[in-house]
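This is the structure I want to talk about, given as structure tokens.
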Amino acid sequence: MSVLTVIPVLIPLCCAVASLLARRSIRLQRKLAVAGTAALLFAAIGLMTAVLHHGVLCTQSGSWPAPFGITLVADILSSVMVMLTGLMGLAVAIYSLASMDEARERSGYYPLLHMLLAGVNGAFLTGDLFNLYVWFEVMLIASFVLLALGGERAQMEGAIKYVTLNLMASALFLAGVGILYGMAGTLNMADLSLKLRDTGHHGLITCVAMLFLTAFGVKAALFPVFCWLPASYHTPPVAVSAIFAGLLTKVGVYSLLRVFTLIFTQDIPYTHTIILWAAGLTMVTGVLGAFAQNEFRRILSFHSISQIGYMVMGLGLFSPMALAGSVYFLVHHSVVKTNLFLISGVAEKLGGSFELKKLGGLYSSSPVVAGLFFVVAMSLAGMPPLAGFVGKFILARAGLEAGQWVIVGVALAVGMVTLMSMTKIWGEAFWKGSPGTALPQPPSRKVLVTLLVPVAFLAALTVLTGIGAAPLIHVALRAAEQMLDNSQYIAAVLGEGMR
Amino acid sequence: MREILAAVLMLLGSALALIASIGVIRMPDMFSRMQASSKAGTLGVALVAAGAAVFFHAVPVTSRALLIIVFFLLTAPVAAHIIARSAYLMRVPMWEGTLMDEWRGRLTAEETGEKPGSPGSDLAS
Amino acid sequence: MTALPLAVLSPFALSALAPWAHARLKHHAGWLLAVLPAILTAFFGSLMPLAASGAPASFRTPWVASAGVMFSFHADGLALLFAVLISGIGTFILIYAGGYLKGHPQQGRMFVFLLLFMGSMLGVVLSDNLITLFVFWELTSLTSYLLIGFNHEQERSRRAALQALVVTGTGGLAMLAGFLLLGTAAGSMELSEIVEKGDQIRSAALYLPVLILVLMGAFTKSAQFPFHHWLPNAMEAPTPVSAYLHSATMVKAGVFLLARLTPALGGTPEWEASLTVFGAATMLAGGALALVKTDLKQLLAYSTVASLGFMVMLLGIGSPYAVKGCLVFLTAHALYKGALFMVAGAVDHETGTRDASALSGLRTGMPFTAFAAVLAGLAMAGLGPWLSFIGKELALEAVLGGGNLWLTAVTVLTSASFVTVAGVTGLRIFSGPPSAAPKKAHEAPLSMWIGPVWLAIKGALLGLMAGKAAAFLAPAVSSVLGRPEQMKLALWHGVNAALGLSALSIALGAAAYIGWDRVRSAGRLGDTILKWGPDRLYDLSLDALSALARGQTRVVQSGYLRYYLLAVILTVMTLAGHALYSRGEPPVMVSTVPVTAYGAAVALMIVASAIAAVLLDTRLGAIAALGGAGGGVALVYVMYGAPDLAMTQFLVETLTIILFVLIIFKLPRFARLSRPWSRVRDGLISIAAGGMMAYLALVALHVDLHPPISSYFAENSVPAGFGRNVVNVILVDFRALDTLGEISVLGLAGLGAYALLKLRLSGRKAV
Amino acid sequence: MTLTEGTAANAAAISLLVLAVSMLLAFVRVVLGPTLPDRVIALDLLTSCAAGFMVAYSVRSGNPVFMDVAIVVALVAFLATVGFARYVAKRAEQDR
Amino acid sequence: MENLLALVIGVLYAAGIYMMLRRSLVKLIIGLALLSNAANLLIFTSGGLVPARPPLIARGESALAAPFADPLPQALILTAIVISFGVMAFALVLFYRAAEEAGADDLDRLTSTDT
Amino acid sequence: MSDLILSTATRFLMPLFLTFAVFLLLRGHNEPGGGFIAGLVAAAGFALYSLAYSPGRMLQLLRVGPRTLIGWGLLLAAVSGLPALAAGTPFLTALWAKLHIPGLVNLKVGTPLIFDVGVFLTVVGVVLTVVVALQEEED
Amino acid sequence: MFAWNMVLALAWAALHGEFSLTSLSVGFAVGYLLLALLVRGGLVGESPYTARFSRAAGFIAFFLWELVLANIRIAYDVLTPRHHMQPGIVAIPLDAKTDAEITLLANFITLTPGTLSLDVSEDRRLLYIHAMYIENGDPDGLRTDVKNGFERRLLETLR
């Protein structure tokens, strides 16, 4: 049973190595990409079921008992996130088959993709703070390379900012881990939670919490440290943008959720108020940024920021409903944003550009793509009955229950502006007549179908999780309860037998 | 006795290292600085290592000390040589008191890129 | 009763088949698709007795139960009244759309959207749960966005569609917040329960916010002043859309909501004041502006705005007369306005113009259309023995009963305006000599005149058979008033004040009709005012938002990496510093490990190297200084018992230098790029940041909350790990997972560097 | 106190200081330059002194394990110098 | 000694941050290197300093004798050093390629992808 | 950079580097050393060779492509954790066996050592990949 | 070849700190493997080797003496305020032929007083050295010193 907590890391890791060794055969790598991500999804589903039935699962890697070795822990939050990784991985892997250029494939695209997934899953599953740093770095370096792979000028510019700011965040993270170890003498998160529990308003711990907040804030793209995201997300190939949008910032949010529910709960009125403020400002700046853009993927990038604000808002409100909203929003946003990026790629293939000015006429020429975009975009904008609405609704409800009127108002208003910029894309790229510039050679039917299969799959998912939101919300609520009452987590990690 | 021998060796070695570093600061041009560092530095470290060998008086330490000495004796001159050669080719300025240069004469103009009156190129990159 | 949700969802299901039907049957598909709403009309009609008996059909199943969301429907009188109107008019709209958009390449999509809209609208009126209602509410906004923008290649259509969406969407979001608060105040999300708890809600502290937020939603949807502007603009939509959404159904959703919530929220001074004031203002604005328009659809749109204001005002008054008047008028309005819009569409379709001032004498070319128009026009003017006449009488009665002179005056003026508009749209263009229209007028096809004719006749019949109408409307009135209410309708109430006022308004209207041209030229002023009206305001606010967005982005997302870095640094400093300051920082204690002279010298060297790295203006010099710092750090590791670290540090330092040296050749030289003041600023910030980290290091060193876990490693390394180098045992055994990740990082870095050097897609330098 | 006592240990402490000062002096040359080869030889000397420092520290602490570090330093310092020299030579070729 | 090392850490951080705030790519990367050194030293220092007692168990012994340098921070730092080496190597190549694509070392010329 | 003295010296130094590296690798469990350090030393040796001769010569000497080395190294490290799974214990649990050849070897051999070898190979592979790529870039 | 292998075996044993048969043979085996690898890679050709330990010992003694002298002289020059040196670059004709001979000679020259090898000419006939003390500005004396002192002894030892 507990082996399930390792499998989601091992599968992509092994696939990465295998693709690396098979670097001369692209065909093999492609097959491996789809098979590996499918297996990952399968394993994630297994993990999820197991966690839902048996409670928190963990593996003491190397058989070393909990605070000493590295524990891999899967609670509901983790398994939800792992499931997302599997989903996004599979969708993007299939999409890549048709969209990735051969030069990049030859240069190690697939191993990098697998490694990215391994890093992300590692980060989701680890129960050790330093190990979290390591997986962060795995994920980061994989993303660095994916971002820069190809070496076009825009990619380089984006990559420099992305790399520098993320390294800065890593350095902060590392410093925080070091100081925390110096104080508490342990790295296991459950152990830290126990050891820091009774310290009360300890200035230093709060201060370290702020180091973590900033470090994870950078990775999650929170205000005011999100600048790397809009600078870089639109530069790499679409499939890469998509997987980034789906997973990378989520790891930051996940870490915030984990750390600020498990470890730094000594001074909730102080820390979580700051988080709430950051969330509100993130929403506003992000959405305004998007409003100013005129390029498909840049709009999407900025929206990623504002949506991150929603996820973090749940953490700031710190109630079961709010945290459930965060979890739900994480899932929703991954699915939707990945999909929007994928669609932007299809639009580019059909219309020849990412610039809204140069796009047009897709509503008439490609109604299926238009329909898919509309559904997904409206989900992002929080239109009912799609998933985005449910997430926003739960958060708004939680906010009102907590009496946080301002943030709810901001969240709703931001939803409105999001809707406006989604309709901007819709109006410009789809409704508007074709601008008459020379269109590219349309992709072959086979290519188009391969591109649209993951898009349609994810779109169906966003509709389903909207209309049939109940099961997912149930899971999210259970996850939230586990977060708020971390005794289960701690017992699972520390209470198991010694070697 | 052994203690004292070790102490003397180490002090001597570190003194040599100090001399080397003073030489590196004081000497007027790159080549003479190198003369100071490549010899005094190497011997200095070797003496310190020898002092350690004497102090511990055990086979593993002695062999390690020997290894250090051998490494230094092997690498230091090569390092000095390649730096000096590159520096020369780069036309690092020599001390004004330099008496002769039998190499420059034998390098063809094409090899050196000799231009009348061209000063040493700026190496401060 | 599961038939209820099935009925609501059936249009959605059918919409999935519509493209297929259209592909097979082309424009005839409208006839086929119209079967469903016809059946639905009958179905909803059949539920009416249940509602009248006080045991309305309902259905409830959990949706998102944990968040209090039920998928529940409740078919009381009010809901059924609307449902019948929606499906009934929808039947003819589908048929009409088949003819109107004949041959249009995207006609299939029109069917899809219309059906989707119909389903959403049915959902709005039948929902019992607030959130379910909201879901359908927003769906109507969305579908109407798609419908208004149907002529999507035109900029104006897109603008109108967006405007409608933005205005109604904003209101919708406010309403969502209002609903959530309402649910909190009432302790239930089910409307059927909420309406029972009126007193509890009205006395709750949240009452005012709930009221304001809900009104925001209702007013925007129902185009109340000052949010009315989207409705006339929405006339960019094809006529079936205007007829359906913007006269008969969607715009009435707001009225519906107010009626629905009257038992819960109504009756307070706040309610009354806001509804009557906004309603009256809307009536005036709509009525006045309708007079100065010549475009048939614009004319009708503004009069619709005025009608909506009328209904809102009546709900504000809230007396039984007013409610009855409101609902009767609403029904009548839906019938005649739908008919008139379809007429206008048919005229446009056949003649190629909608300019009322340019059209005349169409009766000969389009007899059936003219018939419908005249009937509907009479209804609109409140002249004939039609249902609308009864409604107007009731309304006047109610206004008089309220005793408010202003409202009375407004009502009369608005009614007069209706008369004029009715004259123009129902009479003027059909009478007189035939005009020189762009196209020779022919009668529209059956699909396009059957609707208006039927609706117009229906309006007339309901008036003539007032008893039947009363029976039909009574349950709805009871729903709104929150108690069973007897209802008798009669055409003739005898001569009273209301009749007098009615006559006055007709006279005024007729006068305006006769002098229509003069009225219009006088109304030019109104046009100029309109330029600065809410429509303009909408544009301005969008521009302002845009400017704000651009400005903010320029500042925040400047593109300069160093500002981003500064943001990160300043953020962490502010947060951490404030945490220490406000949470009470622990004091710094003195060192416990004695300072050695050589240790100090090594420390000095690291400091000197770091400073040198900053100050040196040659790249390799700076790199050499970096090497010095790294070496110094390695010596610190040596001094404090970490040989493995020292080795690694040295090796890594050296290899880094090698890499630098290999690559530096290709990098440009240092240049002093930044200005002095920015150097000073950065210097100060970095010193502050460094100081903070130093302070943190010191504090952390002396705060030992718990002893470290390392003793475990010290004890188990040999017996369980079989290694005497504890660090290495940790690396390859205790914490091997870290190491696995770490070599993955390393491997990726190597591959990445390789790929980056070898793959150059920009073609600058082919390899 | 974990450090050893005795004549040799005291001498080691003194040589540690002397070596550290040598490193500092060598570092001064690294900073002063003026040419790259000057810096390189100074850095080379600096690493040699660091190796000596480690050896002396072994004596000071009575733990010979640090001599292994010195071996690594000795081996690897050479590599850095070769790297720099290579760069200088390339520059020389380029300037030619 | 801790005070002194704290000072060193502070200076390393300050220097690293200052270097990163310059406009030159090379300075940026040198700053990064200084920063990672600073972070490592921070971990090392805050884990506690024990002079001259490396965590090596003598032959024949089964456990470390009481005062010993904490091996865990050492293992962490070792990992961190290697990671930052990998990242540094990649960043170096990346920056080189960026300078090549942009034709300059000046970071201010690399602003086209924002907004 | 063809330099007679350097290249000759390299020929003598290379074996030393590599011997030392293998030495560090094998004893890393007990004394300072281990896969990283050994890998870095070995890589330094090869890098020296590459600098003194040429990347091509170095690759000839290495015979396995450095990128393949990375792959094998990662594979070895990852796979060393798998036997534990087969044995029903958590991932990366060490399995040890006594390797005893009378008069020659008396060692405990376990999966952590295999892991360390994986680390070694990866490190060598990475450093050489980058060095070679950069050197080729220069030319 | 064998000798070099032996050296590696010894180094191995030295590193292990125990000169037992086991460590020596393991060291030999490791060294053999590495060397075999290197030979196949074309790094190490066959190198002539004959044991001339006595001459070697004499040479080492001579060299150590020279090394000490060199250091004293440098120290003197460094520590006194005036520069006594008369530097210059001198070309020295070579009798040494093989790579190893030339390299060893150059290295020893670098390590001994006042001289520093700079380069070997393309045709391997000249060794350029930087000398600190060219007495009276006469390079020939220096040349003779080097040729008779170092090169002769070294070649005698090696050949």
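Brief remarks on what is shown
Order of writing sets the labels: A, B, C, D, E, F and G. Residues in every chain begin at 1.
Please note the rule applied: a contact is a pair of C-beta atoms (placed from the backbone, for glycine too) under 8 Å apart; a residue touches a chain by one contact, two chains touch by 3 or more.
These numbers were taken from a predicted model, which means no experiment stands behind them.
The minimum number of touch steps linking chain A to chain D comes to 2. Within the contact network of the assembly, the step distance from chain A to chain F comes to 1. Using the mean of the Cα atoms as each chain's centre, the chain most removed from chain E is C.
The mean-CA centres of chain C and chain D are about 69 angstrom from one another, to the nearest whole unit. Averaging Cα coordinates per chain places chain A and chain E 28 Å apart.
Work out the mean CA point of chain A and of chain C, and you get 26 Å between them. Centre to centre, using the average C-alpha position, chain B and chain F are separated by 31 Å. The residues of chain E that reach two or more other chains are 20, 25, 28, 38, 40, 42, 44, 46-48, 50-54, 56, 72, 76, 78-79, 82-83, 86-87, 89-90, 93-95, 97, 101, 107, 110-115, listed in rising order. Within chain F, residues 1, 3, 5-6, 9, 13, 16, 20, 30-33, 36-37, 41, 44, 47, 51, 67, 70-71, 74, 78, 81, 91-92, 94, 123, 126, 130, 133-134, 138 each touch two or more of the remaining chains. In chain G, 11, 15-16, 103, 106-107, 117, 119 are the positions where the chain touches two or more neighbouring chains simultaneously. The touching residues of chain E, when paired with chain F in their complex, are 54, 56, 78, 82, 86, 89, 93. If you check the complex, the residues on chain C that touch chain F are 643-644, 647-648, 651-652, 654-655, 658-659, 662-663, 665-666, 721-725, 727-729, 731-733, 736-737, 739-740, 743-744, 746-747, 749-751, 753-754, 757-758. Chain F makes touch with chain D in their complex at residues 1, 6, 13, 16-17, 20, 31-33, 37, 41, 44, 47-48, 51-52, 138.
Those residues of chain D whose C-beta lies close enough to touch chain E in the complex are 2-3, 57, 60-63, 65. For chain F in complex with chain B, the touching residues are 1, 3, 5-6, 9, 12-13, 16.
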